[in-house]
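Each of the two complexes below includes subunit A, the first together with subunit B, the second together with subunit C.
The block that comes next holds the complex of A and B.
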């Protein structure tokens, strides 16, 4: 019996059963065999629909209290070049190009820097700007409260 | 969602650090995955399962399982921001948190103070959800969908 991908995603999206044979337990719920579930999940990992499998951490509980979104207004002609360079910086954990929304929002490049202290994050930022000779406008948005953090959800 | 409102930093044991650092990326997909993962860490299966269970109960990990690339599965994400007056952010945040389409929601120190991520099964649902939020809250939503991704792979060492 073929497993429906939607059904499988809905069954595992809140986490794997914490028991010696989690895939067998999922199989029971889906009325499939353990091997079918293993194959289907392996396919999702292979196709990168599942990006990561394992612990999904809560940053602030782990001491990463300085979670900075650094946004840049980079000239469109060099945005990909700068995006690649910023992404290669060890302190940068995410890097995306997004649309400007003028006049309210002039920034087109978004990076995340997670750190245990704000001063450390500012120091990293200063070094990155010098290293990459980035003199464009930027802004630093620290999160002061996390209300909700969970994975994408199927309904 | 009450427990998630608490941002108290916790102390972790060496065992907990080992588990968190080692199991953020990949987990075996085989009949006895916890036994295989435990062996690689020089632990036994029961200890590994109990440690993960405890981390989950204490809210240090939000879950043990998959992190989806919803776009590859046919769904969509959109980063959004709202600017509320200082005395209004709490009620607006509560409204957003109650919506199943809101995956993350952060208060940030900026004129745009509420930053949230919408996750839906279909792209058009992103835009209908944004319209709904604008109607419900009365604030315009800054919609900032991803145009290009340069890097992904958040790994926090504890």
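The block that comes next holds the complex of A and C.
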């Protein structure tokens, strides 16, 4: 019997159980076999519906308290090239293109840089700008409070 | 305090978690630990709040519709507006940031219609106009979060 993707994601989105046979426990909830669950999860990873399967750390608790969203106003003609270069920087953990909302919001490239201290983040940023010869406008938005952080829920 | 084994558990298994009948036994085999110690260590790291879960990081763009949203809210109203935003199941991240646009959150819904509805309701309740900033292109592959140079390279 095929497992419904919706049901499977609903069952695992908050995490796998910490027991010797987690996939068997999920299978029980779904009235499927352990092997069917294993195959279905492997397919979701293969199809990139699951971007990664594993430990999701709380970086703030691990000392990475300086969390900066760095936004850039990059010329549209080179945004893909700069996006690829920024994404390849070890300090950058996310790199997305988003629309500008003029006149309020001129920035079209969004990156995240995490560090243990703000000074370290500014240092990384300075090095990245020099290395990539980025002279466009940018802004740095440090987070000062987290009101909510969890995986997206679909069901 | 975290020892070297804890660091390896936190770093090496952010992706590629074993998809086979006894994943913790497999990890134990790789690190030279019994299965039950792997489970106990993950449980402790989880209880200490260092791990939010062992599970999937889902691809929003294949499963639903999502957007980053920003609002400019007077500081004395921040907590009450944040509470309104958090009350939506569709909101998974919500941060205060140091900027004129100071409240930044991510809404993920099953349909574009529901996404619009949630954002519209939050605008109505907060009295602020939202910057709606959906992702247009992702340049970064999610390899997890790099915590330690040594655990990374060992």
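One rule holds for everything that comes next: the second predicted complex is superposed on the first by the 155 of 155 C-alpha atoms of A that agree within 3 Å, B and C clash if a C-alpha of one lies under 4 Å from a C-alpha of the other, contacts with A are read in each partner's own complex, and residues count from 1 in each chain.
One rule holds for everything that comes next: a contact is a pair of C-beta atoms (placed from the backbone, for glycine too) under 8 Å apart; a residue touches a chain by one contact, two chains touch by 3 or more.
It should be emphasised that the depicted structure is a prediction, and the values quoted were computed from it without experimental measurement.
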item	value
Fit or clash - subunit C, subunit B, common subunit A	clash
First (subunit B), second (subunit C), both or neither touched by A:102	neither
Which superposed partner A:90 touches (first subunit B, second subunit C, both, neither)	second
First (subunit B), second (subunit C), both or neither touched by A:2	neither
Touching both subunit B and subunit C, residues of subunit A	9, 12-16, 18-24, 34, 38, 41-42, 44-45, 47-59, 61-62, 64, 67, 69, 80, 83-84, 86-87, 92-99, 101, 104-105, 110, 114, 139, 141-154
Subunit A residues within the subunit B interface of the complex	5, 9, 12-16, 18-24, 34, 38, 41-42, 44-45, 47-65, 67, 69, 79-80, 83-84, 86-88, 92-99, 101, 104-105, 110, 112, 114, 139, 141-155
Subunit B - residues contacting subunit A, complex	1, 4-5, 7-10, 12, 19-20, 23-27, 29-35, 45, 49, 52-53, 55-56, 59-70, 72-73, 75, 77, 79, 81, 93, 96-97, 100, 102-110, 112, 115-116, 119, 121, 142-156, 158
Complex contacts: residues of subunit C adjacent to subunit A	9-10, 13-17, 19-25, 35-36, 39, 42-43, 46, 48-60, 62-64, 66, 68, 70, 82, 85-86, 89-99, 101, 104-106, 108, 110, 131-147
Of subunit A, residues touching subunit C in the complex	9, 12-16, 18-24, 34, 38, 41-42, 44-45, 47-59, 61-62, 64, 67, 69, 80, 83-84, 86-87, 90, 92-99, 101, 104-105, 110, 114, 139, 141-154
